[in-house]
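Letters A, B, C, D, E and F mark the chains in the order given here, with residues in each chain numbered from 1 onward.
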């Protein structure tokens, strides 16, 4: 069971795009889980066992107790009925009220199709008279987070103030040695993450921020959490 | 002193555009005040004394303890240094952290210029070495609310869930007998208010909503108040 | 033969999103037909025979004489060459000048893929040297209507004034007892339809309206039908 | 009295931006009038008498029987209460249901302030208990037309199919010899007008078009005039 | 090897949408190549041999030395892993820094899926440990050009001043006799191309222009090439 | 005489918003000048003589040889004919082809009105038969730069790669000791400038960038300066 489920194509997408928000929500008492659609391998310096270990450690660093990895094919992740049903089964099992998926456009094919499959699976999960395992369930709301291989400069629905957990995000990214340190990209990647976080924080008068996107409108029941 | 100051060109603008939100914020413990830039007269069936009495009653119905009416000229409200300084003096006196002003575009000249003067007065209020009465003060954030004579269909920054206070808004609008009942427009106006509230509520899965606008990005420090 | 063809994924999509417009166009003498891509079953309380009967009755209520239902798979409707060719064959047979399809984004996978297939089929229908049954034909223009499972608040190309036929829409929706009354959702659904219609009507100074969308620009040869 | 009033800052603005539409509406039986806010002089090769004569001839070429020229100051046209009231008096006298004003942004100060004054005057015209001459009247709807000194590429509300009257527009522009032929710009200007008309026509499948803009949504009561 | 690779679904798409830009870049010393995803046949008056000859001649007219045609299926071009890998192999072979693909939305299914496959293939081409022939390579930037069967009026990232090469574009289009002259559409098509070029040129103060699109932001290292 | 004129309301606005771009253009051989509409005083810790000295030094640091300061009233800068004519006289004297002004929206009244006056003055400057000193002249193109007191996150026309001159910008900002060091805000301000520059640089694959805005479309005559 979970309040919030964050879905990424590969282990490290969630960390790069929404790691500090995940840690913030968890620290504030929301039950947060991660779902990776693939194991992310092969990569130049990684292997499945290492990647799974890194993913588990990164989740722990962020205070996330539950991380599920599906066996959908890395690099050939496509938006099929089969992929949707596997994802929908996870939704039925965890029953999250809020879903966060990767916002497009993107340059990575797995992000494009994975995000679309994750979106469609939300509806599949609520269907009765279906072969999808588990009881019908509909996550009440779906949002997007930014982990695109395009350098997008677009309007978010809102920005989460992640000043208190941003250090945890940097720590979680560092865990993925097979992805960053092994290729000599760690320093560059941390700098980029730091710059993005500082920029989005500045927009809301905070030290660090992460943007959230939505095709629907945002409703609030109180103004107490608005940043200024 | 106030946490929130809502500015309108004429008594009833705030009620029509943001009455339920004002009541909601007040009910949640925020200290909310109203500032009318003019007394709104003359109108076909009104007079200054009646209008001021209606304005006071409407504020009371919404749970607002403080309502200030400036003597700027109705129908000829223009964006001048003098108007700005009068408004800035109120900001310095009440020292609100949040400011809500009328969002354009609009068909009413007073709304256009009044909103611009209210925006500029925010900055004037923070200037040192100035003749504006009171100590320098800068409202931390400015938002817009929708009370336009154009039928705008534009994207809000967020929508406040005002299901719990919407009946108070309808009651406050009814108070303005000189504006609506006297001209036979009360029923039509209440229907329109009801329809708009229901529409914006539906967008966020609530019974009633009122939209909020912002030229800057929205920051949140927690997801607990998101509607879904 | 038809002037206007409206395409939906499931029987009731057209009614919910564009029922009053369909009735209006038919009443004004345009020859309007409906195309459902699937029979919409299974659903919790429906079955194919009941659904087909409801669909036929609803069309009759709206004054639509021709309704075609394809056998594409409900819940697994995908944008394939085969689906496109089946749809294109209908276009060739009915030869409508105007096509209305479901506007995205959407939460329902069948809406997403069905709308894309209906769009692509328009071009397929005009190809010569093809195995698609019938003579080549290209519907001159494609528009979108709003029947999305997302609560979209986006800018329409224009809004049709459906004040004269809105009651027919409500009647048509009520026909689908297997979808609404059987699940106890009828009252809620009718209220939502009413609120949406009233909101879009208000934007154009009419009692009721339904929005139309288009990726291209709107051309008019006279201003006589503009609402104000 | 008029059905349609088109407002421009200088004689020739209406012709350049909306001349073919004016001629079309007049030909279709709508009562169309022109209002120039200034006489447009001085210019390098013009003088007031010549300009007024050209304006009258151009209106005649377009089939417009009524053209009013206000004495507001060319080059120093500003958005003042006085200017607004002069314009409002014309609205009260002609009582047009539809108003067309110059859409911004623009590089010409007279266009910026003239358009704003024309917009505000619409509301002024409906006020009771006012010193503005004439009976209160509110033009039901205001649209924008494109006669900007910026090369704008923005989304119109709709495009009028002016294929049948475009030649009249070219003829009307040629009348302004003091503005175009005298400076050797006539050929260039006609080419530009031709290109713009052809481009906007192409967007709607017509020979020529002129774009119309609106801050509100467009309502239609029938689809019969849609171009395709 | 190439600096710039332009990808189109069918031979003549590149010419119609970006022919003058291709010729301009080639004339300025950039190494430009064309990639057609299909041979474009069958068409009403064409055949594969004729079309290939026309494509070769058109490239020559534009000063393009390298044109590759893949054997993906015309009219049934879909966004599959296989299609992506074939395209990625070309990217690896030519190693272009800049990629231009067809911008959507579009009415032609081949354009929709071909453009998506060309986008995804860019990322596929950079993957190590892959079966795609050639050494991993990532085109540094991807742009869009306009060759849509929808009449799009949308905001470009920038417009290339192609005044010096526009005549070459017209000449290249004329080469495709099987597509235009054979069906009697040549004159109409050349007129349309001329009008579009003139319109986009006018927006930047030039005789002719072609628009370029991008999901990312445009960076410039000098202002010397800005048009005004 | 100048190729480029950058206009700001107060000395330091240009430096904060476009300092690195000014230095870049100057270093690349463009003749760049600055125009401050007011002397920026009073401020809490400044005085006119100090501010003028700082402004002169900052220009020198950026390699700008010409900086003009008008005597328009700080804090009460309004968009009047008189202000426009003073600015237009400078345009006539310097005759810049490109003009850069402050892009809105903004929270500072001087920025709002100063930018509007600078825009209108461009057109005033080209008028013949005028009392404005100097020969008629029209700056060919006007752009916007970002020095707003609102935290804007909006789409630029393009971003200049200012990696080579960004250190000069930081040095120029530091010169304004009366504005930043004296109030203890220097460190905070430099950090903010650094973060903004890094963010906009990252969007174009460069170390630092500054955004440029335009209401018109951007034309390029070559792709050689595109960043990637």
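Quick notes
We adopt the following convention: a residue touches a chain if its C-beta (ideal position, glycine included) is under 8 Å from a C-beta of that chain, and two chains touch if they have at least 3 such contacts.
Only a predicted model underlies this, so the values are computations on that prediction, with no experimental measurement involved.
Under the contact definition, chain E and chain F share the contacting chains A, D.
The set of chains in contact with chain A as well as chain E comprises C, F. With centres defined as mean CA coordinates, chain E is found 35 Å away from chain C.
The mean-CA centres of chain D and chain E are about 40 angstrom from one another, to the nearest whole unit.
Each of residues 151, 153, 155-156, 203-205, 216-217 in chain B touches at least two other chains. Every pair of chains meeting the contact definition is listed here: A-B, A-C, A-E, A-F, B-C, B-D, B-F, C-D, C-E, D-E, D-F, E-F. Listing the residues of chain B that touch chain A in their complex gives 4, 24-25, 28, 30, 97-98, 140-141, 155-161, 203-206, 209, 216-228. Residue ranges on chain A touching chain C, taken from their complex, read 81, 84, 119-120, 122-124, 127-130, 142, 215-217.
Against chain F, in their complex, chain A makes its touches with residues 151, 153, 155-156, 192, 195-196, 198-199, 202-205. Per the touch definition, chain D reaches chain F in the complex via residues 42-44, 75-76, 78, 105, 107-109, 112, 149-153.
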